[in-house]
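You will see two complexes here that share chain A, one where it goes with chain B and one where it goes with chain C.
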Partner chain A sequence: MTLAPEQKKTKKPKKLSMKARYEALTRGLDWEPSYVQKSEMFPHLDYEGITIHDWSAWEDPFRLTIDAYCKYQAEKDKRLYAVLDGFAQGQGHLNLTDASYLNAMKVFLGGVTPLEYGAHRHFAYLARHFAGPGPRFAALCQSIDEIRHMQTEIHTLSNYNKLYSGMHNWSENHDRVWYLSVPKSFFEDALSCGPFEFLIAVGFSFEYLLTNLLFVPFMSGASFNGDLPTMTFGFSAQSDESRHMTLGLEAIKFLLEQDEANVEIVQGWIDKWFWRSYRVTALVAQMLDYMLPRKVMSWKESFELYFEEQMLGGLFEDLAFYGIKPPRHVEDAIAEKELLSHQVYWILYQFSFAASFTTSAPTDEHMDWLSQAYPDTFDKHYRPLWEKEKKNIANGGRHFARGLPQLCQVCQIPMGFTEPGDPTTLCQRESEFEGEIYHTCSNGCQWIFEREPEKYRQAWLPVHQIYQGNCGGPSVPEVLEWYGLKDGDAGEYLGSKDHQNWVAWQGEAAADTAAPTNEKKAGA
Partner chain B sequence: MAIKSLGEYNFPSRSRQELYGDDQLVTVWFQDTMWFCSPAMFRAPREMTWGDFKAQVFVPFAEEDPDFDPSAPRAWTLHGKPFEPEDGRTLSELGVRHKDVIGTRVAA
Partner chain C sequence: MSDQTETKAARDVGVVIQESENNRPVIEAIEQDNPACTISHSPGLVRITAPQRIVITQETVEEKLGREWETHEFQMAIVSYFGNIQEWDDDEIVIAWDH
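After this line comes the complex of A and B, so read on.
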């Protein structure tokens, strides 16, 4: 018997660990220029006053590689598109709580989706302009995330666009319609900052401090109101947000650790961008308390949980180690939690004739919910307004504002907020710069204006522009046409195109599923 | 604090008075009712008399409030100080500047 010679075991090629693959991926990204100065290649790194001694001290906590990134995101996309298909084929839109729920999504589509695109562009820019392979690659990944978010949001909501009003022209609306100048101006302010300020503005203040307030209520609201596709894209995006939040947090710690002189600069940015981001989330406040037919939680509860407990109680206690204090004017935001949503919805209600969504006065049941959610303020300050409006409606005079509102020079929201501690007096702050008067809605916005008046005097305020004749013409129909709004997009919800369709479709759906009558059975 | 920028940063206001020709922006702020969600801004000629401003601009807007009483005597403020408009004088004669806010409430 001959024995076959023992075969040598061949070694499998050694698989690199994720960390090693990441290192291989980013190796050589930080080269020394040979025929230009480093300051020419990276012109943005110094002028904000930030000092970085060692770029290699930045470590991307996720260290994702391209193949791993694509694999995760493809899995999430597959799930989302399966849900979208199933929802569309099964006429899932008829299972929403009410067609009025979609007003929240119209606000989201016009207000948030274009910001995702802006974030995509600017993070790509940062990937080019930051030094250090870690920040560059992290910014690149976030840039790809943001464009993916924009795409999934458009795909998800285009499903509704076939059947409901107000979603057909969101991109142009974002550039033109008055209330969308609020998120637009916020983001363009950030885009026109230096790279480090942008990172604190969007990566930290918006993504870290307030993204839970933006995303969680929207997506929980979607889930509570039968909107499975939105809930799915929300969770898909939210899993990226945790990475973005980590980028924001790592960025701020990196800046603070690099040089003591950075602390004061970063504190100024936190103070500014907390307030600017907080004013944008006012759209979420009214959505939670007024736009969702089935309520999730009140703005007040949401603010207490996600901001006061998690951010002030947790994050800022950690940052105190670096010498960072809670944001300036945060006490005004806390005091305002009892008032914010009511004031913002009262504005949207009166101006919804010029919006890409509809509004309606709250029903008695809705007002009772608001009373229990806001026991100290709703019955005292806001129920009387709605009771008066009910009489007004009964007399055929649904309240749409005839004039144009005075806007805040910084946040661009109509000046409908009240004095801290006095919910019956509108807040008016006046500043003068080089002989011209500018108005702001709050201590926070006035502080921001006076810090950089050269920037905010350039603000494109919709009301001023309408009066300058730059928005299609002087009359309301001309302006609405210039906005790209169509019949059914705006105004009162009750009796609107969406409402009428909804009632008809619900009747048909009920008829389709009703038990057959005896007569039909006999004839069968 | 000046803006930190790569180059010079000095651009004119996008709401400066000269962009409105002979007109200016004037804001009316109702101080004793929350019925109007915010003060209202109007474009009016600087040479418009107060009487015309009141009849042609102020009253048609104020009537949106079902409780508005056009005959009620009103108190007015400008820059937080009492302001006593006279029907025959123009906005500019009365010292109302571009983007000024005129406060109003029913006189006690």
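After this line comes the complex of A and C, so read on.
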């Protein structure tokens, strides 16, 4: 091989400024169509009623260019895979607080991984169909990010899947298992919107308004419970999220600034998608309060900090400038912060015989933590429920629901929520559309249904599908088989396969340190 | 840094950073350049808030790190934020509310 002649040391060429590079590598690469009309090239921009006068007014504060993007993303991946490897090689899973912690991960990885793929697809569509190079490039980067997130989540999951139950069939589970229809229906609702509504739904409502509630306490919880892979993929993904949040925020400001008439349309989308997203984050509420063996913060605290303080107190003051009001039904969400996690966990507890995770009644110590975190509601409304359940368990009758629940037509969560202001009465709303009755769980979901009944009447509701004979058969074992669940995936945690393995593994470790024999000390 | 002449109530802005050895100098630089900031810790994370505005200055980060640092590198450290990213240039990043 011939070596290239050594180059003379020259002065480093002066780089363009960030601003100039961004101009050159995004705007500078755009072109005007010459033999087709612009409306033919971008055919999907009109039907939602949004008016854009000047696409070049779009600002990307990150001023991201493809070379910088690849450089930093590669570095992030390098760091992440080093952690995953180290964890696998060092039997890191034994350093978790408890195997029951992984239930939080099963909910998260099963629910979220397929959504990342959906987001990847739709952002790729936006990258093709927006008429300005700025938003097109930002959407392209987000599309690549989302498929990277899906991949890193699969790698994280595979590390645990070798040793623990409930993670072997997440992709098919997502299409079939009842509770996973909650995140699935959210995303399919968003994917079947026009480009601008999708941007407000996912870019703004999900990524900016609620992403902190979804990811920050989750990753902090992973860190606190010894789950290094999740913490690292979480942080690696979340550093992309900060760009996604920016895209969402830029999107909304751009739409509001372009035309006065956009304001009302955007407000409607904020109202709808706040409530849709908020209902999905209910899964996180119960994770924080019930599924983490070592607690980080309560749902209530998290909601007050990330939503009430940062978003209502900060962001919506800014958006008021454009005439945007806080989301409709936000007062119901605030009132519910004392109740949400308890109600959702109670549902999951009763129906975990048909899920890819296990549940267990809270211990006395755990209940004391819940009492101090929820001084106004836990002892009054939820402790009695668990005390009763403790007696059931002592008598060999751990509670599993026998029937199938009524699902909300919009969020698809079993209707276990209560009336605003009355934690003792179940909330159930009815709406009639073309001679049929549809049920929803809250004012928020009812309002969403009545705004677009043609859309939500088509919902694929797992319970209805079971009754219609579309889910493997009428009996529980037939349905579980159709779900792709295996022995050990579902039910009660105590005594489960994971629990037994955990006790055995920890027992071995304890025995190793407690009584080192001479043979072991020699370490041959 | 701009003078604090805003007349509106000073709402907080904030940034959440991964707690790691690599990021410690970045966090120290933010502390130094934003004397009014408050720092709180949760497992794995550092949350920095300040009234109205947070600035991350390339020069200060380079001083703390003892090497060159591109502002793009902040993407490796940031987990989340609230406020608007008002400026992201070669020499500084500014998070502030617009209105």
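A few notes on this one:
Criterion: the second predicted complex is superposed on the first by the 491 of 524 C-alpha atoms of A that agree within 3 Å, B and C clash if a C-alpha of one lies under 4 Å from a C-alpha of the other, contacts with A are read in each partner's own complex, and residues count from 1 in each chain.
Quick note on the criterion: contacts are C-beta pairs under 8 Å (C-beta built on N, C-alpha and C of every residue); 3 or more make two chains touch, one makes a residue touch a chain.
Just so it is clear, the structure is predicted and the values come from calculations on it, not from any experiment.
After overlaying the two complexes on the shared chain, residue contacts for A:Gln343 are found with chain B alone; chain C is out of touch.
Using the contact criterion defined above for the overlaid structures, shared-chain residue A:Gln151 touches neither chain B nor chain C, since it reaches no partner. When the two complexes are overlaid on their common chain A, residue A:Met297 makes contact with chain C while staying clear of chain B. In the superposition on chain A, no contact is made by A:Gln258 with either chain B or chain C. In the superposed model, A:Ser223 makes contact with chain C only, not with chain B. Common to the chain B-facing and chain C-facing surfaces of chain A is no residue whatsoever.
Of all the residues in chain A, the ones that touch chain B in their complex are 43-44, 47-49, 194, 268, 343, 346-347, 349-351, 381, 385, 388, 391-392, 395, 397, 399, 401-407, 414-416, 424-426, 428, 430, 436-439, 451-452, 454-455, 457-461, 463-465, 467-468.
On chain A, the positions that touch chain C within their shared complex are 17-19, 61-63, 68, 71-72, 75-76, 211-212, 215-216, 219-224, 231, 235, 238-239, 241-243, 245-246, 249, 253, 296-297, 309-311, 313-315, 317-318, 320-321.
Across the interface of their complex, chain A is touched by residues 1-6, 9-17, 19-20, 25, 27-29, 31, 34-43, 60-61, 64, 66-67, 79, 97-101 of chain B. Of all the residues in chain C, the ones that touch chain A in their complex are 11-14, 16, 18, 42-45, 71-73, 75-90, 97-99.
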